[in-house]
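One chain, chain A, appears in both complexes that follow, with chain B as partner in the first and chain C in the second.
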Partner chain A sequence: MYDMKALYEAESVEHAIQLRLEHPEAQIIAGGSDVLVQMREGRRAGKELISIYMIDEMRGISIDKDENIRIGSLTSFSHITRDPIIQKYINVLGEAVDQVGSPQIRNIGTIGGNTCNGVTSADSASTLHAWEAIVELTGKNGVRRIPIKDFYIKAGTVDIHAEEGEIQTAILIPKTSYENTYGHYIKYGMRNAMEIASLGCSVNVRLSEDKRTIERARIAYGVAGPVPMRVPSAESVANGSVISESLLDEFALAVLNDINPRNSWRASRDFRLHIAVEMAKRCLAESIKRAGGVI
Partner chain B sequence: MNKVGQSEVRVDGYDKATGRTKYYEDRMPADALYVRIKHAEKAHAIVKSIDTEAAMKIPGVVKVLTCFDVPDIPFPTAGHPWSMDPGHQDVADRKLLNTHVRYWGDDIAVVIAENEVAANQGVRALTVEYEELPFVLDAQKAMEDGAPLLHEQYPNNILKHTSNRLGDYQNAIKEEGLIKVEGWYDTPTVQHCHIENHGCYAYEENGRIVVVASTQIPHIIRRVVGQALGRPWADIQVIKPYIGGGFGNKQDALYEPLCAWCSTQVGGRCVRIDCAREETFVSNRVRHAIRFHIISWLRKDGTIAARKVECFSNQGAYASHGHSIVAKGMGSFHQHYPCPNMECDSYTVYTNRPVAGAMRGYGMPQASFADESNIDECARAVGMEPMEFRRKNIMPQGYKDNFSGNVNYYDTYRECMKKGAEIIDYERKLKEYANDTGKIRRGIGMATFWYNTAVYPISLETSSNRMLLNLDGTVTMQCGETEIGQGADTAYAQMTAEALGLKSYKDVHVVSCQDTDITPTGLGAYASRQTYVAGFSIKQTAELLKEKILKYACEVTRQAVANMDIEDGNIIRKGDKQVLMSLKELAMTAQYNPVHSEHITAESTYTIRNNAYSFGCTFAEVEVDIEMCKTKLVRIVNVHDCGNLINPALAEAQVHGGMSMAIGYGLSEQLIFDEKTGKPLNNNLLDYKLSTFMDHPNLEAYFIENPEPTSPFGTKALGEPPACSGAPAIRNAILNATGVAINKNPINPHVLFAEFSKAGLINDPWTEKEEK
Partner chain C sequence: MSQYKVVHCNINGKDVEKVVDVRASLTDMLRNEYHLTSVKKGCEVGECGACNVLIDGEAFNSCIYLAVWAEGKHIRTLEGLVGPNGELSDIQQAFIDETAIQCGFCTPGFIMTAVEILEANTLYTDDELRKLLSGHLCRCTGYENILRAVKKTMYRRLGKEIDF
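Right after this comes the complex of A and B.
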């Protein structure tokens, strides 16, 4: 039995916005795999909830008129993994969210919830950062779109204007980002399932026509800082460079200029730095391979 | 056809697979009140006051009881048989709720409410004033002079110290040319993680208290509840329905006494206590973390001249099973690798940590990790292959232990090692992998374990059961040895059918639920004893029942009792095997005979004064990714000699479960505590890294079936043995792969990072730079 004050069921995006304006203290709940856990722990005990879970218009994946990949915020992880558009253009995202928790959690958990939580360890977050995703928010004043790096403000805080009744309605991947681009994600966990990342690393590349040069490399981490982060130092090492074994090493070592993992009982800073370098190297190598390159 | 030795379907299998089996919560009266416990948020303190006013104002809260309200009766909790010798009884060192808080999570108050939400809100609304005391988490630090004292009557926090001396160690080590192999070995605090958390409910009925509990030991719980409440034992009725596992955690009085007392405080209404997983980790029981110091003195020919073993067992805040665990661990050393000169000491030490109690293996997973790590290094020190060194030194056939009277009737260890080595191709891989220098390396390792069956001669071993002939010719059987998920009921049905000559094990109805008002007194499920000890009383009671059946049959058939037998559910004449009548005809005739009506039953108790060795080994193959500090378990093989298998499929499943537990113990599981506050940090299934089936390779279980001569069914322990040798086998495989000997478990990535850095296998130039 959950200690909740009230549950309001939203029937549409407009209704959700209206409920939010009426109940400014209420917590949005989608799949519930985070909110209900927190409520059971007492952290959100006694709160009002607005459920958006029944809003089917926020579910599903499509290509919009501007050729963005549009992922409705309520799309579940297992849905994303199995979706043909994802598999064709950004397979790494499907692979990343397939590493969340367990099959049951992947069936109920949503990409919107994963990002709105604002936590650095979210399995979707590093890949969405590395692919420069756009977050779509809808409120009483209409639709607002912001780059995902601006969406994350600090640990546990994202840029949603609750006072305007905003909810996250979609995540978009622009064509310039996904076109001819291949990536790889490594989640580092202490076991192979039911795990939160000790560190997550997502890399993607676009190669030159002869597959010998990296035209564009992007890399992002989860848990390397308070929020998911890109690593510009490493990217600038790779961009425009000819593929070689030593490039992998240079790229990997460059991540140390930007990342700043913390010491905690879950893992030490030194340990995280060590595996971050190795993960960058392995992710880049695999991304190049997937793009048709040879090292 | 034999009824034992067949892989029969579990008697409770269909109901469990379809979700129909009823556990304690499924039997809950609808009007039960919720009891929620306030756990102390200090590692060591005195409760000065608890403000209950705000909690009492919450709608639905019925009553708040605190550590200042409970009876002043210290009681023991261990699920041991009662001892008639007061000096051998369990230590009584806790009350229902405690003003002297001895660990983070100690029970200090309860809120009783009409519903769960109100009870939880009530607990959150309590305000506790503490006088904080210094605390200690480490067993050896707790033994130091001036360390914080947990229980006044135990100076230096030493609950018990025992020794084991053989020969003359001090003199033996003077022998010239001996090679010394010394190590400190650390094992972690882990938790059982049975799928059903402990819970219970209690109510008063006709002046007595009924307790329905998720427990392994209903008859012992009856006694402990009586002790804790200061009531005659028969005032308490304990009912044990199906339970979702226990692994030893439920071989202890957990919240049954508190629950029973709470009912008496609300006019006998039904009250329920349901542990959350977070509470199960901290406020139930854990496995003892034991630190070992081993010094082995070897001759160049690979024989062991002398050994010294010191064991420091972290008891946590209260005695529970206490010294029994490390005593069992210590007692294995001189038997596992017999050596003429041994000096062994073990200490069980109170600390401000969660209470350690029984857990599958009862000291042996710890002792095996230490012993088998040290033995692997002994082999390396004298330049022998690890298995060859073991073959040379391990317990020989014919070995007799004078204390228990146990005899190693077969050359079990060597037979098990031979079989396992062949299956996994050990010797070839050992050589091949030792030369591997890549970044991802394979390794293979093995370990053996020592175990025995049941608790004789340390404690009483007894088993009672009752059989009654039903009117359809089937037999109903009841005993006190409980089904806790391991499949005991199915083994009982098979043994009963065999002993009586029934057609099938399906003709035996085992009453799975124990009710202390009805069930013959028994001790419960622990010490890998159920099949072995129940076997004696099943055989004895079956013979009594058979005698009664044949005696009645004599009246009907006019054949001499000595000339008759029961086969396939029929009474037959031995000489020509002619079927005289079926058991059904006999039962109906006996019951409805207008002149001589008889309800045919039998009941008996058997006192077991034997014990039986049960040995085996594990072989593990790993792939170590050095840069990523990760171990992948590629293959794992267990080989056991537990005598004749009563049900091979269930035996295999039992081994699989133990291997899974050993994998977690070896690679990932550990309850950790904040050094600054003593607070448990990972008491949930996300942060406590219980291994999942994604972390397991295919689990391979094999058996050597040497019939156990002391058992009427030729069988012996298998419940705990599979959990004992997995962790050291994995440890030794990592050593083979990397050359790095790691003397603590679990060997998780943090440990590998530290050890590989120390060994120079990984080298981060920037780490030093950063420190400057």
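Right after this comes the complex of A and C.
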């Protein structure tokens, strides 16, 4: 039995918005794999919850009329990994979320919850940053779409206007972002299953037609700062450069200009800085390979 | 103020309904309302897999799943594997044959994940099987015998020779 004050079950997005406006103190629960654990621990004990878990219209992956990949916020990790659209255009996202917790957690955990919790170690977050995802929020004033980097305000806080009844309804990947683009994610943890990332790194590239030059490289980390972050210094080293072994090293070292990891019980700052360089290099090398390039 | 709701679902092939406290987890509902005590209370925070059941064919830790979300779902627990005269299923027998059980606390959860694995009709590698089983903790047996029980049953169901 959970120590909750009340549970309101939303039947549709409109109903969820209405419930939010009626119960301003209540918190949203999607899959509950963060919320229920925190309720059990006492951190969220005695709260009112608005459940959105039964809103099936918020599940699934499609390509919308503007050719964005549209991922409904309630889509579970395992469904993302198995989805043909994801496998074809942004396979790295499916691979990243396949490293969350365990099979059972990947069946209950949603991508909406993984971003709305504002957690820097979230396994989807660095890849969504590196692919410049757009977050779709729906509230009483309609739909609002913002770049994922603006969605994260600070550790644990994201830009959702609860007072306007907003919930996150989808995550979009624009065509300009996924077209002809290949990526790789590395999660560094102390063990393979049931482990939060000590550091996560996601890189993707688009190569020139002759596959010798990097047209566009993007890199983002989780746990390299209080929120997931892009690394512009490294990107500008790679953009427009001819592929070579030394480029990999230059790119990887440039990450040190931008990242700012902390000491924690999981890993020290120095260790994180050290592995960040190596992870950047390996992720870039693998992304180039997947894009058909040779080093 | 207590809050209750009628939850209709199908459990082990039977359509059922019960009035449930909205604060209940699915573990609470299955154990207290339906006496399905194969569903164990271990960590109750989603880490050990002792409470694992199949919902619409996928494995879920019922301790972090609200009972009210069971509305309209098909739920399967270990009790549903047993035949009409108490016959064990092949995967249960394999756990016995391979000595994949000691205290047995983790076993129902493991077996329900194994059912999902077996029903995929796929020949997984050992590494894939390890990953698929990684949501379960066993404090007695160790994992080798469990892996072997699942692997042997997978080979048998697919009509393949076992390569040990």
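What we mean here is this: the second predicted complex is superposed on the first by the 295 of 295 C-alpha atoms of A that agree within 3 Å, B and C clash if a C-alpha of one lies under 4 Å from a C-alpha of the other, contacts with A are read in each partner's own complex, and residues count from 1 in each chain.
Keep this in mind: a contact is a pair of C-beta atoms (placed from the backbone, for glycine too) under 8 Å apart; a residue touches a chain by one contact, two chains touch by 3 or more.
All of these numbers come straight from a predicted model, not from anything done at the bench.
*Asks:* Of the partners chain B and chain C, which touch A:3 in the superposed model: first, second, both, neither?
*Replies:* After superposing on A, A:3 lies in contact with both chain B and chain C.
*Asks:* Answer with first, second, both or neither: which of chain B and chain C does A:33 touch in the superposed model?
*Replies:* The second partner, chain C, only.
*Asks:* May I ask you to decide whether A:256 touches chain B, chain C, both, or neither, giving the answer as first, second, both or neither?
*Replies:* Touch status of A:256: first partner only.
*Asks:* Examine A:54 and indicate which partner it touches, taking first as chain B and second as chain C; both and neither are also allowed.
*Replies:* second
*Asks:* After lining up the shared chain so the two structures overlap, which partner does A:45 touch, if you call chain B first and chain C second: first, second, both or neither?
*Replies:* A:45: touches chain B, not chain C.
*Asks:* According to the stated criteria, A:179 is in contact with first (chain B), second (chain C), both, or neither; which is it?
*Replies:* It touches nothing on chain B or chain C.
*Asks:* Which partner chains sit in contact with A:193 here, chain B, chain C, both or neither? Use first/second/both/neither.
*Replies:* A:193: touches chain B and chain C.
*Asks:* Which chain A residues contact chain B in one complex and chain C in the other?
*Replies:* Shared contact residues on chain A (touching chain B in one complex, chain C in the other): 1-3, 192-194.
*Asks:* Give the list of chain A residues in touch with chain C in this complex.
*Replies:* 1-4, 6-7, 9, 29, 32-33, 36-37, 40-41, 51, 53-54, 78, 101-105, 107-108, 192-194
*Asks:* Hey, which residues of chain A end up touching chain B in the complex?
*Replies:* Chain A reaches chain B through residues 1-3, 42, 45-46, 188, 190-196, 198, 253, 256, 265-268, 270-271, 273-275, 277-279.
*Asks:* Once bound in the complex, which stretches of chain B touch chain A?
*Replies:* Residues in contact with chain A: 115-117, 120-121, 124, 627-629, 668, 672, 674, 681-682, 685-687, 689, 691-695, 748-750, 753, 762, 764, 766-767.
*Asks:* Could you list, by residue number, the parts of chain C that touch chain A in their complex?
*Replies:* 1, 3, 21-25, 28, 44-47, 49, 52, 58-61, 64-66, 68-69, 71, 113, 131-132, 134-136
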